[in-house]
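Next, two complexes with chain A in common: one pairs it with chain B, the other with chain C.
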Partner chain A sequence: MERALRDKKAICIFVLPALIWFCAIALFPVFQSAGYSLLDWDGVTKAKFIGAANYIKMFQDPLFFKSIWNSILLAAASVFIQLPVSMILALVLAGGVRGENFYRNAFFVPVIISGTIIAHLWLKIYHPSYGLLNMGLGAVGLDALQREWLGDQGTALLACFVPMVWQYIGYHMLLFYSAAKSISPEIIEAAQVDGASRFQTAVRVIIPMIVPMIKACVIFAIIGSLKSFDLIYILTNGGPVHASEVPSLLMYKKIFVTNEYGYASAIAIFIILECLVFTFIVQKIFNHIQKD
Partner chain B sequence: MKRRSSKLKRTGTVKTIVLLFITVVQLFPLYWMFTFSLKSNREIFGGNIVGLPENWEWANYAKVFEKAHLGRYLFNSTVVTGLTIAFTLILSAMATYAIVRLKWKLSKFVYFIFLTGMMLSIHAVLLPLFVNMKPVLDTYWALIIPYVAFAMPTAILLMVGTLEALPKELEEAAFIDGANIYRVFWQIIMPLLKPILSTVAILTFLSAWNEMMLAIAFVSGEKYKTITVGVNDMVGKYSTKWGLIGAGLTIATIPTLFLYVFLSKNIQKSLAMGAVKG
Partner chain C sequence: MKAKKVLGFVLAGTMIAALAGCGSTGGTAKEKTDTDKKESSKESGEDINLTFWHIWPDAEMGEIVDSYVEKFEEEHPNVHIEAVATQEVEYQNNKLKVAAATGSQGDVFVCWGGGYAKNYVEAGNVLQLDELMEKNNTKDDLLEGTLTYGTYDDKVYGLPLKQWAGALFCNEDLFEEYNVKIPETFDELLEAVKAFRAEEVTPMALGAKDGWHIGMIQNALAVRTEGADYMNRALQGEETLDTEGIVKSAELLCELNEAGAFPEGTLGLGAEEAQEEFYMGMVPMYYGGSWVASGCDSDENDIQGKIKAVPMPTVDGGKGGVNSFSGGAIDMIMLNANTKYPDMAYEFAVGITKYMSEEAYKIGDSLPAWKVDVDESEVSPTLKQIENLIKNADGYVLAWDTFLEGTAIEKHYELLQGLMAGTTTPEEFAAGMQEAQLQVKRGDTE
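Here is the complex of A and B:
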């Protein structure tokens, strides 16, 4: 058996298909992107090496900063609005209420539906004349608030954020919920025997014990926001006047609309690095919290 | 004591109201989509925006299914997602077996390479893939190849964790009985991995079925379009015909919802697991 497990041919047969597939399609192209980012290239005419010029251009491009800023706003909103709401729901459900499973299943439904469908549905919700939102506002006498939510520079980004929260609140709720459920009941009972109320138990016992899950959710929320594409592509395509522009969308347009391959690659590399940096910062912050 | 219990009751009621409110917020848009899929424009523009349809226009469904080729798109999505899942499961399981059980020097290093994939995303390689895959653009493979590549890291991570925790006795017994390594893999390892394979299958299903960026960029021909792109086109085509759009959106949602009804527990467990390990 020992010999069978060291059989070189078998090892190659088992590992090479996956390894080659992964390296050729996922890993190697990252380096290719890095290479492209140093070129002036439209995909048709001959590419020209221009060094860091694309990066210099990028850091002087107000549109690029606008898109980064928007994605950071989205990230902040998911961390400080979406996650707390998910956490409260998770704690309430995990604390045991009648219909716990029903609520959990219901909140989770939007998570599994394709972003494309959700975006088109919300296009209709935001429809200026026949949409659910303006109609609802009209019905309760708030006509003054009615507007073209996606067509208004002041509200477009917010209007893109709401469906994102709506879709993923159930996801984060589920993650917090399953972490809270995995705490041994004895610990929670002990706290309650000591006279802790439900609220105190949640804040002082459960939350500190699920810090690793909170860290994971913060990272998901941030990275998901920094890379957001589907919903915004359909809802506003970055408009009006780039009010809801985000980096992935900008990159996509540079590739398929204006054929600025080099510049688009520089943006792609920036997105990868940005995600790594944010992940690193969140890890550091949480290491600090976990030590205390 | 009495006061405390009435207070408990009150917070209980508040809780129920809040939970029911959020349930409505989460489900109402979907209910609404379904109702306007059964209305005519005259009804919607005539003021019946939220209510149940007065005339149930089931014809919307027949029309959109036929005219917008939704059947074709659903079939394409099924092929792409099915093959993606099949390749992901078999290749990842094979690599996992080599990493965990076979004895070779680079196994830790190769595992590490796969794990770097957790940090990559399809966005980062959109352009290089578009350039490299020119020959297969506009076929099923334009989507399957990248979907598999990006599904494997999570799959391998989950499977390695599982296989490491499984005892080796069965495999040892099989070797003693004279089975060769391929048989051991196929007849012992694969069945042992079944629960985690189903988790990976669910995760892969959701990401492949719902993916949009590559689907839009890499497939433009009518013949191979997936449902996400098909829905996009359909909405563009019918722009103001709400009933047809609603019907199309509902048809596109049904397969996932159907799956959810039967597998909600497994789907939630899978997504939670995928998150914990990632």
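Here is the complex of A and C:
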């Protein structure tokens, strides 16, 4: 085994198929998009090279900034609402409650359901006249709070965030839960012997020990938010009047509705770079925390 | 993916060659390649495989397609037709766009005229039909004016599948129940809206999340305010869209909206959702295309037999009279320029277009584009009403989003939703449309 690992040639040969595959389906299209982003192209007729004009146009497009801002809001909601909720659930479950398995599975269910179905569920919940939400509000006398949730520019974005944040709570919970479970019981017992309460054990012992997992989750949550598409596509399709536009949706519309293939590629490249930059920043921040 | 496809074709090709070789005329295989394709196919019974891309995966229309394909295959034993059905929105927005960009769509395919197919025609991926039409005298069977939107640079590329015309569908039961008069003028329409609203009934169905659904109403109002002739010229870019009449059409839409004509939260509702409430008999009015007729006459819906179709109410001082309509023939069947058997594909395309035109007419989906011979009793009653309305039609204007191209379509939806949300003024709407139109045209000439 050791000899095989030292044999550079063997390593190269075994890595090669996966590497080729990765390049062909992941790296190559990225470079291809980068190429397209320099073209004025409708996807059908002859393309024209226009250099950075698409990028210039992008940075002058107020709609683009709005979509970026919306996706950053979503990322913030994911990190500061979704992850803490997941963390609390994970710690409670990992601390041992009756029916631990049941709750763990129940919280995980939304992750397994396809985004399209979740979106349709929430469409019905938000329906202005016979939706669960408005009817519920009416039933308890809160008529004043009834809204046209998805049809109102003021609430559409928020209404989209709720199912998006809710959907992946179970996912992050499971990651935190498994990380917390993998801490050796002696450490926790030691803390308890020293008189730490459950809350203190969680905050002082468990959380510091699962920081690497927290880092991974923060990165997942941010990237997932920046790339979000399916739920918003069905819930509002970016409307009303672009109130809930996000970059992926904007990109999709540029390709398939308005036939601006080059411009859409520029947006795609921006999303990729944006994700890389955020990943980098999160890494830096966590390196800093871990050093302390 | 592409390599796989090529490989697939090669394999299929080899198989066909092998099969032909096995047949009784196997010995002439070499000579065959020299003769004209059509001749050889007729004489030797060479296998012809055609693919037909359509948009009717649902049972009702799907059956109609299948029955014709079967009939055609029986008449032409050497022809095999593979019908591929895709859901319409997916097909229109994704599948066909991707395929037609490289000319890899089916030999015969459903497409839309006007701005939609323009790129594919220009890229040379759609077969020009003039010669074939002349050879087969196809024009004699077509109704007047149905080729307009399949014609580019005076050459025909598409066979019209159907025509549509817009109408205001009114549920007579509800009108009687609340003692409201079916509107003939815009003022009466506003009164009707207010009367229904006072009774807490949503007056008109509209799913404004889908921009085109708002467009149906505004576009029809523009036909009333600006007249059909002008609108057609303006949408083609020959005249400006920034006119008083078009501002007026947007104003009227806003008036309806402010009077509470549309469902609560309409900007969050899709067209299908909104339409459902009309079909269930909860909403008294729905302005839509003639395709709404099939839903009105469907056994599944409670409103069967209760619907009266009337023209869009007239507008005082408008340039368009009661006889001009939204509508036209935009749904087409086209041929792939790369098809190996243009003659056979054409024969099939004409056949299925005629057949679909007739059958779709019977079930109330659309008005025919061909001279059809149908037993009157078989025709959907609501559609029959529309047909009577348009007997004296003096002008049609297509929905703007089928006329416009590229970015102008998205802009159109955006501005319409802005009108509904109150963030766009009617003046901004008209100016914005003109600007978007100019931008697209400028892009074309560059």
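In this text, the second predicted complex is superposed on the first by the 270 of 292 C-alpha atoms of A that agree within 3 Å, B and C clash if a C-alpha of one lies under 4 Å from a C-alpha of the other, contacts with A are read in each partner's own complex, and residues count from 1 in each chain.
To be clear about the criterion, a contact is a pair of C-beta atoms (placed from the backbone, for glycine too) under 8 Å apart; a residue touches a chain by one contact, two chains touch by 3 or more.
These numbers come from a predicted model, not from an experiment.
Of the two partner chains placed by the overlay, only chain B lies in contact with A:L27; chain C stays clear of it. Legend: residue contacts after superposition of the two complexes on their common chain; A:F65 is shown touching neither chain B nor chain C. Of the two partner chains, chain C is the only one touched by A:G151; chain B is not. If you count the residues of chain A touched by chain B and by chain C, you find the higher number for B.
When the two complexes are overlaid on their common chain A, residue A:F80 makes contact with neither chain B nor chain C. Contacts of A:F256 after superposition: both chain B and chain C are touched.
Looking at the shared chain after the overlay, A:A106 reaches chain B, while chain C stays out of its contact range. Look at A:N237: by the touch rule set out above, it reaches chain C but stays clear of chain B.
Touch criterion met: A:A18 reaches chain B, while chain C stays clear of it.
By the touch criterion stated above, A:F280 is placed in contact with neither chain B nor chain C.
Residues 43, 256 of chain A lie in contact with chain B in one complex and with chain C in the other. For chain C in complex with chain A, the touching residues are 93-94, 97, 100-101, 119-120, 122-123, 125, 208-210, 263-269, 273, 406-407, 409-410, 414, 417-418, 420-421, 423-424. Across the complex, chain B meets chain A through its residues 12, 15-16, 18-19, 22-23, 25-27, 29-30, 32-33, 36, 44-45, 49-50, 91-92, 94-95, 97-99, 101-104, 110, 113-114, 116-117, 119-121, 123-132, 145-146, 148-150, 152-153, 156, 172, 175-176, 180-182, 185, 206, 209-210, 212-213, 217, 227-229, 231-232, 235, 242, 245-246, 249, 252-253, 256-257, 259-260, 264, 267-269, 271-272, 275-276, 278. Residues 1-2, 4-8, 10-11, 13-15, 17-19, 21-30, 32-33, 36, 43, 89, 92-93, 97-99, 103-117, 120-125, 130, 132, 135, 166, 169-171, 174-175, 178, 213, 216-217, 220, 227, 229-230, 233-234, 248, 251-252, 255-256, 261, 264-265, 268-269, 271-272, 275-276, 279 of chain A are the ones touching chain B in the complex. Every residue of chain A that touches chain C in the complex is listed here, in rising order: 42-45, 126-129, 147-153, 156, 236-237, 239-242, 253, 256-260.
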